[in-house]
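These are the structures in question, set out in turn.
There are two complexes below, and they share chain A, which is joined by chain B in the first and by chain C in the second.
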Partner chain A sequence: MAHESHTKTLPADLSAPPVVNTWRTRALIVGVVFSVIAAGLAFADGSIDHVLRAWLLGLVLTFGFAVGGLALLMVQYVTGGKWGLLLRRPLEAMSRTLPLVFVYWIPIAVFQGKLYMWANHGIVDQALKLGQITQDQVEAIDHAIKWKAPMLNPTSFVVVSVICFAIWGFYTWRLNSLALKRDADSPDNTPFWIKKFENLSGFGILVYSLTMTAVVIYWVMSLDVTWYSSVYGLLFLVGQGYQVLAFAILISIALSQYEPFKTVLRQTEQHDLGKFTFAFVMLNIYLGFAQFLIIWSGNLPEEIPWYLDRIRGHWGIIITLDFIFHWLIPFSLLLSRDIKRNKKRLTRICQWMIFAKAFDLFWLIEPNFKDAARNLHFSWGILEYIAVPVALTAFWFAFFTTRLQTRGLVAINDPHVVEILEPEHAHA
Partner chain B sequence: MATSELKPGNPDHGRWIDPATGEFRVLEPGQTFKSVTAKISDIVLTPHTPLGWFALFGIGGAVATFLLTAVTWLFLKGTGIWAVTQPVAWGFAIINFVWWIGIGHAGTLISAILLLFKQGWRNSINRFAEAMTIFAVVCAGMFPLIHVGRPWLGYWLLPYPNSMTVWPQFRSPLLWDVFAVSTYATISVVFWYIGMVPDFGTMRDRAKTPIAQYFYGLISLGWRGSVRHWMRYETASLLLAGLATPLVLSVHTVISFDFAVATLPGWHTTIFPPYFVAGAIYSGFAMVLTLAIPLRKFYHLEALVTERHIDNMGKVMLATGLIVAYGYGMEVFMAWYSASHWEYFMMWNRMFGPMGWSYGVLIFCNIAFPLTTLWVRKLRTNIGFMFLISIVVNTGMWFERFVIVVTSLYRDYLPSSWGTYRATKWDFMTYIGTLGLFTALFLLFVRFLPMIPMNEIKMMLPGAKIKPKEAVAGESH
Partner chain C sequence: MPPREGTYGLLAEFDTPSDLVRAAQKARLDGWRRLDCYTPYPVEEAAEAIGFHRNKVPLVTLIGGLMGLVAMFSLETWVSTLAYPLNIAGRPTYSWPAFIIPAYEWTILWAGLSAAFGMLALNGLPSPYHPLFNAPNFRAGALDDKFFLCLEALDPKFDLLDTRAYLETLAPVSVVEVEY
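And now, the complex of A and B:
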């Protein structure tokens, strides 16, 4: 019974290691420092316009971690697999950061008149006055605002967003509370719990897809009131998978220097997670490129300006870098089996992917504003895109570490627990 | 199955959970290496072909003659015998092409993607799903070829240096189709064949007649089952799975571009690529069920293709069906949100225009009926019901392509050029004929090749699992 003698034992203490406190302290320091920088930049710029735009980026990024984390939590319940057991507690902790994301959303709701043309026609008038748009464009914008008024208005923006937060909150609460009950129950009841979570998560994924699509149309797509793309929701869905997996791997590897993750994170599962991430890197470029190809080939006046706004006037540099950062680098590196199995290198790639995601959001958000469309230029305000998202993400991370410490890091009532404690070669 | 049935005290607990492992059952209990080999290989090696097989093969062959007749007449008269004309310049041919290619997607998905995801349950169904893929691609590939008008010049589609210095239009997705479909067909055939090699070795060793021994000996490529052979076999399978996985996405994506790069409302929409892929898998799984359910009954394979398989296929259909429904929803929403009169009119016309009935059929068959019932596990494990669902979804997916092609074309920008579409008897004969051809080819496969991979099923048996030495020593097969 050679292999049994090598089987590892789960440590008695499954709680988060003390180093998590250090991470939180560092994150809070970073958050405070970048908040001060953001305030200084706003002062130098003499306006809060860029603070709000960058705040939206920070909101979308942290929303991706929280709600995307909830979605991946449900996906792992539906599909099973050992990777899911490893990521379960980090994903649960990500989902429980939803209250902070809601707080982040409040300034956007309050100041929507500074961001969205449909909420404040003064933005259109100002752009026309400054010669940033033509009279023809104003007519198209006015037609779109009038047509979409039943949906795009300040009240429905708030109502829809609050309903979506309430739905995600319900799923977060239900999945997190049942997870504790499952661990407290007898192992004989595990099949019952597997099905229970499957049933809850199956429908939850459907609800997530619809609600997530609704909010990204409101929060991001409607920044350009005339433009539309039916794959937009799916692009964000896949994008959330991209960033959530990168973050979850990062956390798992960081935790694996200490117990209990030191015992449970095997190279096999790390490799599987790397492959899964690679799939999302591919899906991400697949949808992004398909959208580009279809719109570029069609070359329709309703659609093509959206891309021209993001290519011309020095934005070509950003889109090229976006392609390299967001796809080419992770794709090329994650092809390698050795890199996927190397903790240090995989960590670097995941860090890079989170940066690339934020960079992609910059390319997606900033050109919606007429002063920046086809006109990438330096201002103190543009630096808010670094300061504000870093501050928001740092505070979010600090909150995440708090959530991570509230329960054991490994779910125990799961058939995969035995398997991840076996030596690597047993089921390779 | 209610979740309460999974509690240890429940009388139905053993039906779902294997008491030896505590895991969900995939195969019925009592299978051994020997029984699996005998069950599958005897279907092929028996000298007594069932009468039912002859009857079905006869019907399939007879229906295939429709195709032969229709294609002969087409070659004599030209594509004018079809209903295609302005404004509906694409009709049954493209609808059937997309429908058949879509069906062909499930085979590769099951073989490649589920293999990479280590989904052991796929082992019972992957072989005939792959066969289905190949025959579906055969049926699909015929349509563009016979649609070119002069099929004897079909080779002009390929970019080759020629004296006319004429090259195909590389910017057209129709040309990308040529590469995508031919690559897909090639990889699918190679994957299918490589997967069968170990089983051919078994068939060769069990064959009683010299012809069978010679035939299976020849195609088993000298398989001896040595460790080296298995190692190479596993490596080849993984490599092919890696190659085939992007193909599952790329083929239907390219097909969706056939429509989406045009500027026609109803075709030009960015969600088409993922929605076409999901639709393809949806219809592909429906066809696997259409084939698997009668097969398991006819050849008494219930122990190998179990309720769990039917249930899992139902779940895959539910997931892909929901993506398709999301696609329909986004199309309708964007038709309004675009604030474009053309988009809005297209959707209104699609739903309530003279051909609105076809949209109704599509919504009922693809959404209303399957996506409300497939949530219920009791229905997913009801074999008769699942057979019905599979037929309904296949019908719905055919109508999806009909709706996309016809209802987008027959009333476009200029009201003066509006028309309608009425398929001719030759259109119907060609389509029905391919159903016959597909049936006949599939029956030949069932009769002469092992329809379930013996080697992969055996890997799922308790005897193949790594166990403590004493337990293995005490086990006999």
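And now, the complex of A and C:
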């Protein structure tokens, strides 16, 4: 009984299966439908304030997929491993959606004055006039705006964001073009390529964590000018790992009904990815809770209002649900080995995790605005938080599918290719 | 020929994990139930091949973890609210956020210890004696580069001659009789 008889061979055609076109059509339909709903809601609400806030949520979410995908792509080059080979092309496709994320960012840059107090003092005056904040709070806000002006001003917002986009663009271009060259090269040069990608990615991960921290401070944290947290960048970094892994598992399992992923997705790697995701679920709550515990222990007047804005006035319901959605449910389910090895159930959990990420962003973003702080209330506008992110994510997904179709789905010039085609019992 | 008293089973030796898994699958299909595989490293398909799908270690770990969680959280609640109620920065005596971290640590500690000791207990370890080590080829190969399938004498289908002939059809490197 020869050992080779169990080994699989890669199909000759490694390109994305035709079903990807169907996914794109569906995504575009969802995108259009939810855009129309978003427009209707804006009309009913009589303002575009919530469209912009929800747009920011959609931007942060799709930014997480694109740049988080780039980061995980670099991580897998540094760590190696068969899971990395499996996800390499999908992650590359995610990283190449960066231009769309840049387009999504433009309205935020244009309408800064409607979102950020430091960009438009009228927001503060308006909140005071409506009695949403007190004179004391205005003084604290003005002090913070004045103190942080060298960093938080419309010009540096644009300059820093554009520089960060340029840096991510450079890494995206470099990693993606070199990957094609590597596949075209002879297998004898593989050690050279492995080193090359390691060196590029190792430094890239460092650059990513700094640039990512910078933009989430600008885009999200600065919505509340008085508050700061030193773990903020890391929270988003881990959050991106959370959503990127969930999405990568979803796409791998969906692709595994067709060639070539049918051949390369083994239960072993699916299980490994499930365990990896579980680690991010843990790390996510660890950092989120650590930030809360430190601020709660300190109980300082500069810090604690940020949490009070997000707990009082019915926001307690949202944070409780956030805890359940974002941590308790994925944690409890991913504990089970059987669920991690079951394609259908793991898919459900990953879909849930992406929803939970968006829900968490809602809790992070909306209470920054003084009409909503400590006052969760219904308006037509608040439904934009469903319509706009769904539309933006759907269009992003449609764009992602076109990126996926531009190259073969399996990187071939890699020593792991042989291993991933072996039967599962051949390796411990 | 019925097994002599003192026969543990018949041990077939294979060179590759694939051969072992195929042989084990066939034996299970042919109705063998008292059988086991022995490999130098974990081969999950071999475990599946002999119908071994789950064990109770996860359950023991879960129960241990929950016990640690409840024990520490209760201890902290009792200490802070009943035994030694202290005013710390004006906070309520029942300040649950502060209790989370020790409770979490105890969850991990108890889950870890339960997993380790539960695994040993369910494995029947420590086990100072096992009849398989009476087979010289097992002694030499089981921790190194050989893969073994043992059909045990407790199986109602077991018969010294027929079973040996059956094992020979699975193309092993050798078949040896193992004594207690």
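Remarks
Here is the rule we go by: the second predicted complex is superposed on the first by the 426 of 428 C-alpha atoms of A that agree within 3 Å, B and C clash if a C-alpha of one lies under 4 Å from a C-alpha of the other, contacts with A are read in each partner's own complex, and residues count from 1 in each chain.
Going forward, a residue touches a chain if its C-beta (ideal position, glycine included) is under 8 Å from a C-beta of that chain, and two chains touch if they have at least 3 such contacts.
This one's a predicted model, so the numbers in the text were calculated from it and none came from an experiment.
In the superposition on chain A, A:Arg337 makes contact with chain C only, not with chain B. When the two structures are aligned on the shared chain, A:Ser297 is found in touch with chain B and with chain C.
Once the two complexes are laid over each other on the shared chain, residue contacts for A:Lys196 go to chain B alone; chain C is not touched.
The partner that reaches more residues of chain A, of the two candidates chain B and chain C, is B.
Once chain A of one complex is fitted onto chain A of the other, the partner contacts of A:Asp188 are limited to chain B, with no touch recorded for chain C.
In the superposition on chain A, contact of A:Leu287 is made with chain B only, not with chain C. Of the two partner chains, chain B is the only one touched by A:His143; chain C is not. Touching of chain A by both chain B and chain C, each in its own complex, is seen for residues 1, 3, 293, 297, 299, 426. Contact residues of chain B toward chain A in the complex are 1, 3-4, 6-8, 16-17, 22-24, 116-118, 246, 249, 253, 257, 260-263, 268-274, 318, 322, 326-327, 330-331, 333-334, 337-340, 375, 466, 468-470. Residue ranges on chain A touching chain C, taken from their complex, read 1, 3, 5-6, 289, 292-293, 296-297, 299, 335-338, 423-426, 428. Those residues of chain A lying in contact with chain B across their complex are 1, 3-4, 79, 81, 143-144, 147-148, 151, 188-192, 194-196, 199, 202-203, 206, 209-210, 213, 217, 226, 228-234, 275, 282, 286-287, 290-291, 293-295, 297-300, 302, 415, 426-427.
For chain C in complex with chain A, the touching residues are 16-19, 21-22, 41-46, 54, 58, 62, 89, 97-98, 100-101, 171.
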